[in-house]
Amino acid sequence: MDKTSTLAGAMAPAPEFEVAAWLNAPGPVTLASLRGRVVAVYAFQMLCPGCVSYALPQAKAMEALFGRHELAVLGLHTVFEHHAAMNPEALAAFLHEYRIGFPVGVDMPGTDGPIPRTMARYRMRGTPTLLLFDRAGRLRHSLFGHQGDMQVGALVGALLAEAPASRCDDSGCLVPEGSMP
Amino acid sequence: MDKTSTLAGAMAPAPEFEVAAWLNAPGPVTLASLRGRVVAVYAFQMLCPGCVSYALPQAKAMEALFGRHELAVLGLHTVFEHHAAMNPEALAAFLHEYRIGFPVGVDMPGTDGPIPRTMARYRMRGTPTLLLFDRAGRLRHSLFGHQGDMQVGALVGALLAEAPASRCDDSGCLVPEGSMP
Amino acid sequence: MDKTSTLAGAMAPAPEFEVAAWLNAPGPVTLASLRGRVVAVYAFQMLCPGCVSYALPQAKAMEALFGRHELAVLGLHTVFEHHAAMNPEALAAFLHEYRIGFPVGVDMPGTDGPIPRTMARYRMRGTPTLLLFDRAGRLRHSLFGHQGDMQVGALVGALLAEAPASRCDDSGCLVPEGSMP
Amino acid sequence: MDKTSTLAGAMAPAPEFEVAAWLNAPGPVTLASLRGRVVAVYAFQMLCPGCVSYALPQAKAMEALFGRHELAVLGLHTVFEHHAAMNPEALAAFLHEYRIGFPVGVDMPGTDGPIPRTMARYRMRGTPTLLLFDRAGRLRHSLFGHQGDMQVGALVGALLAEAPASRCDDSGCLVPEGSMP
């Protein structure tokens, strides 16, 4: 499998996203708040044919298959061309028409070029790109282009099979999400 | 087959489109100028999932299969919702990204409601809608929603099999397109 | 379109099939008895992957779309390899499992080689092959390999649009099928 | 996910298959000889449409994706109807035409009914059925019917992520396959 595996033990948690606005979410979504779950982030552009035909349907299928308590699926709108056509208002219409219900962040525009900030920070080669994070918030795979369902399922299945990360760190211990009355 | 067949003999040529602007064309495209060819018009919206997944790929397949001298394929952008997101600039980006090379007209906005004028005039029920005109410029079929390739092929094949309309009318005779040196 | 068009006017009716047995039919099916209808014959082998994946589903779609009064769909089992595995008993099980309800003829084995007789007579290059006959029983198209639904629809649509052949010939006039009380 | 998970710790290795003959293999294939690898067994019938359309292509995709050193893919021909049509000779022709290269066992015919022995022993409900065994030879999942690629990938990915079973047991220690000079 074509992947960017690295030794998880040596890795620090990945940096947070720089996002100008979140859609389909009551407030900002952070990697830290998703600790304990596997996280799949689909970076896409609404006018990118491969994103629309393959990546976003796959994102919806992942959400349906694995369930939100185990896997968090996010979108990241990483616009690097046709900025006027793919503004946040157009994105909102797109998400509505394509019935995409998971949170989608608008990647923060870059200051010196067309590439938005999170896209640059994660060195994505284009759209679609799928980022997979383990339960400890570490980036484990970064996959560019069309990925088969079986391969993506295998990578997520392996991450889900890993022992849950401790919910405690130097600053204290977190109550598992959704377990408060 | 679900179609709106009527006796061709009793029909007048269909009314021209009311179009604000044409993309992928050097100037306005009229039904009159296409007389002698079968004409397929795909009415669509760039943020309509069924249009993107089925109708526009079918339009491209039609163009590739039948050839431009026999069949003219046109798009008509009939926006009746999310007008801001689907403006002509966004449409141009969409056509570029989806590699749509046939002429696309922007349906003229309506004056008293969200429905654009050609869409209203032809009483379309939504998008996608496929309009099929015979060689004499008469509307022969208006099909709403996803249509199978075999059915569409059969309707076009039957229209192509009809004897070419005379290229002469009260105002004179036209030289067949492409036959001038 | 890749086809074997010939001038219909110059053609005689095609020769009858040489068939050892008919399945899904009360008795022998002849081209003569189908005069007045367009006829689509799918030559296939039950262990030919392309036949199973594409040709036979297309045959079922044709039957469903056009209706039996206009178009007759037939199968022809033209076995030229693995004769033991594809015997008539195996074919019957195959038709049952794949829910194929149209008549299927077993092409008559050849006397001096593996190619059965009708396959040889029609000079088919392999399976699947689609033969299309017009209302007068003349072979109009012989198509080898996977054919797109749109192309097949166009060819059938054009044949259906031709004026019905006279049901009279030197020997008398036929009552149209299905019109007797 | 619809699966038959059980606590692996409490399970004994699954019983061996009862197979009359192996195709695509130099000799009998045993679960014991595959210890250390995850094993996917596709039970199918060559005239079962769902097997041909979905299960066997998925089996080929699994073999291509995961590689033989990690995952062993096997077929099991569990004929419970049309026994004459689906005899071993017909199966050999089928495997040749569909380019199936992994080992396929012919399930041993039952002595008092149409259900073959391994199928009965594993209580399969029909075909296709996918059996997934872990590295220790324990049956972990038995899935009847069409399974999505993503789900199957996730189950296999999780099994592959489990620590390799020790290659030692009461009778001694095995050299890992392929590691001998």
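Letters A, B, C and D name the chains as they come in the text, with residue numbers starting at 1 for each one.
Going forward, a contact is a pair of C-beta atoms (placed from the backbone, for glycine too) under 8 Å apart; a residue touches a chain by one contact, two chains touch by 3 or more.
The structure displayed is predicted, hence computed values, not measured ones.
Visitor: Given the touch definition stated above, what is the smallest step count connecting subunit B to subunit D?
Guide: 2
Visitor: Give the chain pair, either A-B or A-D, that is connected by more C-beta contacts.
Guide: A-D
Visitor: Same or different for subunit B and subunit C, when you check if over half of the residue numbers at their contact belong to both copies?
Guide: same
Visitor: Going by average Cα coordinates, which chain is farthest removed from subunit D?
Guide: B
Visitor: CA centre of subunit A versus CA centre of subunit C: separation in Å?
Guide: About 53 Å, centre to centre.
Visitor: How far is the middle of subunit A from the middle of subunit D, if each middle is the mean of its Cα atoms, in Å?
Guide: Here the centre of subunit D sits 35 Å away from the centre of subunit A.
Visitor: List the centre-to-centre spacing of subunit A and subunit B in whole Å, with centres computed as mean CA coordinates.
Guide: The answer is 40 Å.
Visitor: Mark out which residues of subunit A touch at least two other chains, giving numbers and ranges.
Guide: none
Visitor: Determine the shape of the graph in which chains are vertices and touching pairs are edges (line, ring, star, complete, other).
Guide: Contact pattern: a closed ring, each chain touching exactly two others.
Visitor: Can you list the subunit D residues touching subunit C in their complex?
Guide: My answer: residues 47-49, 52-53, 82, 84-86, 89-90, 92-94, 96-98.
Visitor: Could you please specify the touching residues of subunit B with respect to subunit C in the complex?
Guide: Against subunit C, the touching part of subunit B is residues 1, 58, 61-62, 65-66, 148-158, 160-162.
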